[in-house]
Amino acid sequence: MPIDFLPVFLMVAVVIALSAFILTLSRLIRPHNPYPEKNRPYECGVDHVGEASAGMFKVQYFVIAILFVVFDVETMFLFPWAVVLKDMGLFGYVEMFVFIVLLLVGFAYAWIKGALEWVS
Amino acid sequence: MDLTQITSSVLASGPEIIIILGACVALMLSLVPRPGQGALLAGLSLVMIALAAAMSLTLAQNPQTAYGGMFVNDGFSTFFKMLLYLGTALTILISDRYLGTEDAAKGEYYVLLLFALSGAMIMVSGKDLLIIYVGLELQALSIYVLVGFLTTNTRSNEAALKYVILGAFSSGLLLFGLSLLYGLTGTTQLEAMGEALDSVETSSPLLALATVFLIVGLLFKVGAVPFHMWVPDIYEGAPSPVTGFMSTVGKVAAVAVILRLLIQDLAMLDPIWRGSVEAVAVLTLAAGSFAALVQTNIKRMLAYSSIAHGGFLLLGLLAGGSEGLASVMLYLLIFTVTNLGLFAVIVLLNRGAGQGENIQDFSGLAKSQPGVALMALVFLLSLAGIPPTGGFFAKFYVLVALVDAGFVLLAVFAVLLSAIAAWFYLRVIMLMYMEQNDQPAVFQVSPAIGWALIVTFTGTVLTGVLPAWFLGVSKAAATAGLG
Amino acid sequence: MIPTAWYLILAATLFVIGGAGVLLRRNVLIVLMSLELMLNSVTINLLAFGHVLQDLRGQIIAIFVIAITAAEVAVALGILVALLRNKNTLEVDELTVLKG
Amino acid sequence: MENVLSLVPVLIKMAIVVGVLLLLPLPLTWLERKIAAHIQQRPGPMRVGWHGLLQPLADAIKLLTKEDHIPAEADRMLFSIAPVVALVPPFLVFVAIPIGDPIQMFGTEIALSISDLNVGLLFILAVSGIGVFGTILAGWASNSKYAVLGSLRSIAQMISYEIPMGFSVIGVVMLAGSMQLSQIVSSQQGLWNVVVQPIGFFVFFVSGLAEAQRIPFDLPEAEGDLGAGYHTEYSGIRFSLFMLAEYLVVVVLAFLNVLLFFGGWLGGPAFLPATIWLLLKVGFFIWVFMWLRFTFPRYRYDQLMAIGWKLLLPLSLLNILVSGFVML
Amino acid sequence: MTDLPVLSILILLPAVGAVLTPFLRKDPIVRWFSLLVLFADFLLALWVLLNFDPNTAAMQFGEHRVWVPNLGISYRLGIDGISVWFVVLTSLLGWICVLASWWSISIRVKEFMTCLLAMQSLMIGVFCALDMILFYILWEAMLVPMYLIIGIWGGANRVYAAFKFFLYTLAGSLLFLIGILLLYFGGGQTFDVLALMEVQYPFPLQIWVFLAFLVAFAVKIPMVPVHTWLPDAHVQAPTAGSIILAGVLLKMGAYGFLRFSLPMLPDASQYFAPMMIALSAVAIVYGGFLALAQSDIKKLIAYSSVSHMGFITLGLFTFDAKGMSGAVIQMFNHGITTGALFLFVGIIYERTHSRDIAAYGGLIKVVPLFGILFAAFLLSSMALPGLNGFIGELLVLAAAFGVSGWAGAAGALGALVGAAYLLGVYRQMLLGEVKTPGDVFVWDLGRRELACAAPLLLFVVWFGLYPKPFLTILQPSLDHLMTQLNPTAVTP
């Protein structure tokens, strides 16, 4: 069975090699003529102010990230459960039901609390 | 699993389910803002705790394991659960006022408290390393958030972040130990693990490594030296009631796990950890007592004091046997009551925005608030272990267990260091009774805190004057735990 | 077949790197990543042992560990956001309101 | 030795897949521009070759020879590797995608997939999740406000829709009792999943669109207000790597829609080889994606998030509970 | 005998008083109330003394109640010929203390009286306790009210003194606790004092326990290397605090030796006797010379206490019937005399606010009543024949010479030095030219002060002239103690 995954790693190697090849090829044939004006970050021609990556984002992005983590993890439980649900029968269903309901409680809380509202 | 097993399992975890349901209901209620919401949620939480306590007591009639041996209801867990209920209830009582003065009244507070409580309960009842770990994290995660509950207060945020990082770090250590133990035994179920370990040589390096990681992870949670550096910062930064909660409920649960693992089910690891834990215990006592001498913030001082008390608990653990176990349990009971009492006083002194947490703020208290000062005096004396307060019997019983088990030298260390520890409790007493204060603390004791004070004060005095009943209970629980 | 010891050594190495990262690095985000590394090394351990023992429990625990780690990170991020609003720094060294 | 030998067909298949995938964008871009043009009642590219057929080739040469500049304030390392990171996942996904039942060739049985993983579906979802990293790195490394904001939006969008996407296929997995794609396909013998799991399909389709950042969910790249999103600072060949990745994602999604909900290679007319039937369906989906692009207006960002979280997520969870209940 | 739990009443009466006091409204009421309670307690103690059966060494008025059965701790009380005297002494000094602080304590009277009443209850409890843990608890609990008395109502440096007092004694007594546990687990399996006396402990254990006990008792007595808390505490404490400290608390250390170390650990006591005698001799001489060098009258008396307590330990560790009884007599007398001295210092201090010996002169001319009484107590402290101090010191000295010439010589030297500094005080303060610090007006003793001094004087004279009743009650218990010390002597 581990052999099934070997192609995965081969593929990674192939793609990286391919990209490297394309990049090198391009490097060989393209012009290279940088100067400070050209190298400035894109800002519609205006001089830019401050660091872009200073971490000053709308807080909603973080909220989304946190919610994502929670639900993504739930997916992790759901998949194996879905595979064997037939064998587990009602008990398995009820267990997952409780799990999902608990999550929904949290989700409802976040919703009502306004965590999902993008425009405040 | 057939249906009867499922029902009995669900029944066995009834108290946990009640608390979690309560938390969910409270969560939903907290979404509907309205006047008196705090009181409503606090009341609801208290009712839920009372229900759970009643259920626990009922379940204690016939000890049983549930969920395929992963969860247990025995005298041991019932005792600890009662402690957890008590600690949480007291915390709830002292919280309302604090949230008011700090302007942080939000319904989620009680929800988180209940979740933390349920996590702690699962820890106490867990009979499987995985379950214990899950409970521990449930409790820890809730407490992380509680520590940072004062969202606009930088101290609180910082404390929370530090706590998350170090808490996760210690969980990592614990987990690593868990994974190695699993590899060695092929199970995480404690009893099976114990049986499997019987055939493993204790000199096996892998086992030693596993034990060390497991114990270090747990000692982190208790705040034993040299894994204590997080305690003062976090105790100082956290909201006062939460600090009280952490130092009691959090500690109770962690100690319960340690006892469950080290004395009960994995007792065969004893030769591996004994030596180092002895050193840790003495160091913990010493470092806690000495560091507390120079503190100026009362919560920081209590943090170190709580470290020192952790050292005493470890001594009880070292004494081992049913006596040692019982001594730790009694100690925790008395410590919970006393410490939360003192935190009630701290909450009373709070003037918002973290003001009123300096030790100096206690000065002149005896003049402006003689009643509260008297209670604080008793709590402090109890923490110092001066009779006739409960603290004396707590320490005394640990000493009895130690001497009984033949660790006289450790006992001598313990008493000498507790003499040093008395110094900083005395300092607070001195401030209260012997110093003048131009701006004496002015406050009204709210009914909730009043009740908390009455309960803790009575508890402290009662355990000091008539400890027989409490002793008997903890001894019975300890015997049940070992049986 | 790769011997189990190698997995364990890999896990231990990752664990040590992660631990060192937590204790030595100063940027909160990197510290959090180091924590992840520690917990992931545990996952490797569990999976390796589960494989050796032909026991599914290892994988189950691994899933739990991942889930809980995720929750932990979520909480850490939340707290970090709150802190950023008040302080605007990611350096652990600058968290100095609490001495020690 | 035997192991090494057994790798030979794998390598051959891999070569074919990589080759096809690399060339696929050429016809696709042409197609897209043509479709766009015709929908908008204009001819589209006509100059290079017959009806502009060679236009993509010309574009490719242009991109290859264009100057590739890195902004002064960018993190050069991350900036350089970001396109590669973005490119890897869509290729990887194809490792697990089967295009038909195993066939007999040269006396051995050859599976029509590079490797039919037993957790194929999970693998695909997981790997496509990695795509986010390319976006993050690109935006972050550019150190330009447009890029950072664009990448943030992209990330938020991608992760938001990844969840309903994941949930929506749970129903399929439940029905098949497996995460292996070939098994999922064979479980649809007789009845396509789209009939049994209409909600699942709807959610999957919509969140797939959003994942691929296709209109109506292409906000991160809304040229009008955000420059070019997370790859604002990219040009030349690196830019084209991003574009390549995006086209491949579309293909992947088309494949998944077909495999999961439209019976894969099953159910075709008898005269058509199963694989061709599959490719036809895939082609149809690719066309649908393009058609949508030029038919629908773009959503506002808050609407976008609201659809993901408030509509699709509860819907998919409900779908799980209901299908589970019905199945038992 | 009656069935009444007399000792419990004796203990609980002040305790109840202490609980009630905070609820009283006005200061005068508080004062009268405390006085009443303590005086009642004193009368009760006298009743106990009168009903005491002098013919037996057994514990009388015994009480036994189960307290903490799981730990084997019980509430066990009883008094013998030795402790009955301390009960009387304590209850006597108790109400005197109230009178002595009648006006001098003007702030937070309620709290003060509460502490005083609590002290009284605990001190009597200590002397009655026949359970080691009960004893320990009472002994330890005493620290708190005493700490507060010194710390709140003391002199300028009171906080430091209070801290020092508390920590010294606490550190000492914690080891005592370990010692108790060692006794329990070393074979006794009980905390009953009488039962523990019967146990024959192995020698090494005795050594360790003796050392543990020694630390606790030596701090309390205080013996020489650990005596430094005493001058501070004495000087800073209010008058009542000094009286209690000198009169009762110091005796507890010696009482501990008498009650626990000697009978329970006879072998170790024998073994350590030379060391103890040496330390006592050092204490006598060293304390005496230090006292000689003091200019502060309170400090002088404090150091004289060190010296006098040295006599007591010296007597105890001679293991001689004479020395023993001398030591016990000396304990009692020292309580009376030194208590009285502190009382008088307090009286004069109230008027002049100075404790500088050199600032006074010729007081006997100005305040004759004060002068005469003060002189009497000074002389008693000096062990003038005919006053109470004499007989005890004489017996101890005689026994000491019997044991070791050096010790006897040291004792004699100490007595001489004692005479020197006490006479110095007498001469400086009472005789000579009349002067008072800052030339303030000094008035003679009032009725309240007389009421304090009179009973003390009565005891001084009574025991000086007719100590027989005292000895009668004491003797059986002392004899019993002697037999316990030499168990081989009784068993044929």
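Should a chain be cited, it is by its letter among A, B, C, D and E, assigned in written order, with residues numbered from 1 in that chain.
The working rule: a residue touches a chain if its C-beta (ideal position, glycine included) is under 8 Å from a C-beta of that chain, and two chains touch if they have at least 3 such contacts.
The model shown is predicted, which means the values in this text are computed figures rather than measured ones.
Hopping across touching chains, the smallest step count from chain C to chain E is 2. Common neighbours of chain B and chain D (chains touching each): A. Counting only contacts among the remaining chains, removing chain A from consideration leaves the groups B, C, E | D.
Set side by side, the interfaces A-D and A-C show unequal numbers of C-beta pairs in contact, with more at A-D.
The chain with its C-alpha centre at the largest distance from the centre of chain B is D. Compared with chain C, the chain whose C-alpha mean position is the greatest distance off is E. If each chain is reduced to the average of its C-alpha atoms, the one that sits nearest the average of all protein C-alpha atoms is B. Chain A and chain E, compared by their mean Cα positions, are separated by 80 Å. Taking each chain's centre as the mean of its C-alpha atoms, chain A lies 19 Å from chain C.
Chain B and chain C have centres, each the mean of its CA atoms, that are 26 Å apart. Centres computed as Cα averages put chain A at a distance of 39 Å from chain B.
In chain E, there is no position where the chain touches two or more neighbouring chains simultaneously. Contacts with at least two other chains are made by residues 71, 78, 85 of chain C.
Each of residues 65, 72 in chain A touches at least two other chains. Working note: touching chain pairs come out as A-B, A-C, A-D, B-C, B-E. Interface residues of chain C facing chain B in the complex, by the touch rule stated above, are 8, 11, 15, 18-19, 22, 28, 31-32, 35, 38-39, 41-42, 45-46, 48-49, 52-53, 55, 57-58, 60-61, 64-65, 68-69, 71-72, 75-76, 78-80, 82-83, 85-87, 95, 97-100.
Looking at the complex, you find that chain B touches chain A at residues 1, 6, 24, 27-28, 31. Partner chain A is touched in their complex by these residues of chain C: 63, 66-67, 70-71, 73-74, 77-78, 81, 84-85, 88, 90.
Contact residues of chain A toward chain B in the complex are 91, 102, 105-106, 108-109, 112-113. Contacts from chain E toward chain B in the complex involve residues 22, 66-71, 108, 111, 133, 136-138, 140-141, 143-144, 147-148, 151-152, 158-159, 162-163, 166-167, 170-171, 174-175, 177-178, 181-182, 184-185, 208.
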